[in-house]
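Next come two complexes built around subunit A: one with subunit B, the other with subunit C.
This part shows the complex of A and B:
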């Protein structure tokens, strides 16, 4: 997978609120969390949780390790960092640009209205 | 598809905004990462026409962006390709104008990633990044 495809997967994985909730939880749990711990606060059933974990795993956002019957889930932050770096870069660029566009357009509109147009 | 969307409500009519979005004189006044000077601006706003913009950042770095207009619907919508001239990977930019009672709602979207985009960005760590991500994809200003 090239970087563009990886980023697409990351963003797709982040579109779902349950998956974001799982990631936000894992962000706080350095030692990782078990699947049942993750499922507890969520308003969805275990099979749905497992599906979400598959998607997050496929995007490389988590790792799963099995010891005996317990599966521990941990965050794998690299894809997220890549996605954030892209967003930050362009968000900064376009936010600054749109700020200037807004000021410019509003000034022109004011002039037009003063001229009675 | 990976994308960045920014929405602005602007107190100006769509026709005022549209000119600023597509004309060389308009683009030159607002595109760029900071208030550094625009060195060159060209634009041929029709389907298949190209634009080019060269600017210098306040930090002294010169950059040039270029692309092709894919859609030019007067006072409503512009779609264009966008890339840094020294970089092969293109993004798509769409800007849609919707009239609202006291002006225009502008929806700006950049999508389809350049591969190199994040190569040099390994900035902060993970903390709080989800919040920022949500802020970035749903920013309403």
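This part shows the complex of A and C:
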């Protein structure tokens, strides 16, 4: 898989609130979580949860290990790093917009102060 | 649209190499680019380009303005900011992994130095 295909998969995996909720939960569970723990707070049925886990696994965003009947799911956030690196190049745009807003607010304040006294 | 729906749309819009190429191109074009300029380097036909622009527009990632027959496309990166904020919480994971790697490399170097002399 090349970088572009990896980005396709990562962004596609993030395109669902249940999958994002699973990742957010795993972010807080240092030791991982079982499939049934992950399923509990979600408003979807177990087969749907399993499908979401397959998508996350396919994108390399989780690992699953089985001990007896219990499957433990852990976060593998590495692909998100690449996704974030891709997004980062746009950062200068919103930083620039914020700078403009700040300058505007300051100019307005100076004006108001002059008008007041 | 709530935040979760906005994230769905943004990530979905980023799930395609042509759409990412269009955004990357617009990132370099301060004054925006015409639709035909954007289409030129892409390995897809004009109707496909138009569909991609619709998706990007629907996600709020571009703006289109028409003057006569010429449509100028500009980047509207704001939704990417939210997507990046969502990804950022995972940053501590890869930072932690890098720290572990650095520590490992340093420990190995110390060991090799001891063994050498």
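Here are a few things to note about the model shown:
Everything that follows uses one rule, which is that the second predicted complex is superposed on the first by the 92 of 117 C-alpha atoms of A that agree within 3 Å, B and C clash if a C-alpha of one lies under 4 Å from a C-alpha of the other, contacts with A are read in each partner's own complex, and residues count from 1 in each chain.
Convention: contacts are C-beta pairs under 8 Å (C-beta built on N, C-alpha and C of every residue); 3 or more make two chains touch, one makes a residue touch a chain.
If you're wondering where the values come from, they're calculated on a predicted model, not measured in any experiment.
By the document's definition of touching, both partners, subunit B and subunit C, reach A:7.
Of the two partner chains, subunit B is the only one that A:112 touches; subunit C does not reach it.
Look at A:91: by the touch rule set out above, it reaches both subunit B and subunit C. Within the superposed three-chain model, A:16 lies in touch with subunit C and out of touch with subunit B [touch as defined at top]. More residues of subunit A are touched by B (comparison of subunit B with subunit C). Looking at the shared chain after the overlay, A:102 reaches subunit B, while subunit C stays out of its contact range. When the two structures are aligned on the shared chain, A:82 is found in touch with subunit B, with no touch to subunit C.
Residues common to the contacts of subunit A with subunit B and with subunit C across the two structures: 4, 7-8, 11, 14, 20, 23-24, 27, 75, 77, 80-81, 83-84, 86-91, 93-94, 97. Listed in rising order, the residues of subunit A touching subunit B in the complex are 2-4, 7-8, 10-11, 14, 20, 23-24, 27, 75, 77, 80-98, 100-102, 104-106, 108-109, 112.
Against subunit A, the residues of subunit C that register as touching in their complex are 4, 7-8, 11-12, 14-17, 20, 23-24, 27, 75, 77-78, 80-81, 83-84, 86-91, 93-94, 97.
Listing the residues of subunit B that touch subunit A in their complex gives 1-4, 6, 8, 10-13, 16-17, 20-21, 29-35, 89, 103-104, 106, 108, 110, 112-119, 121-127, 129-130, 132-134, 136-137, 139, 141.
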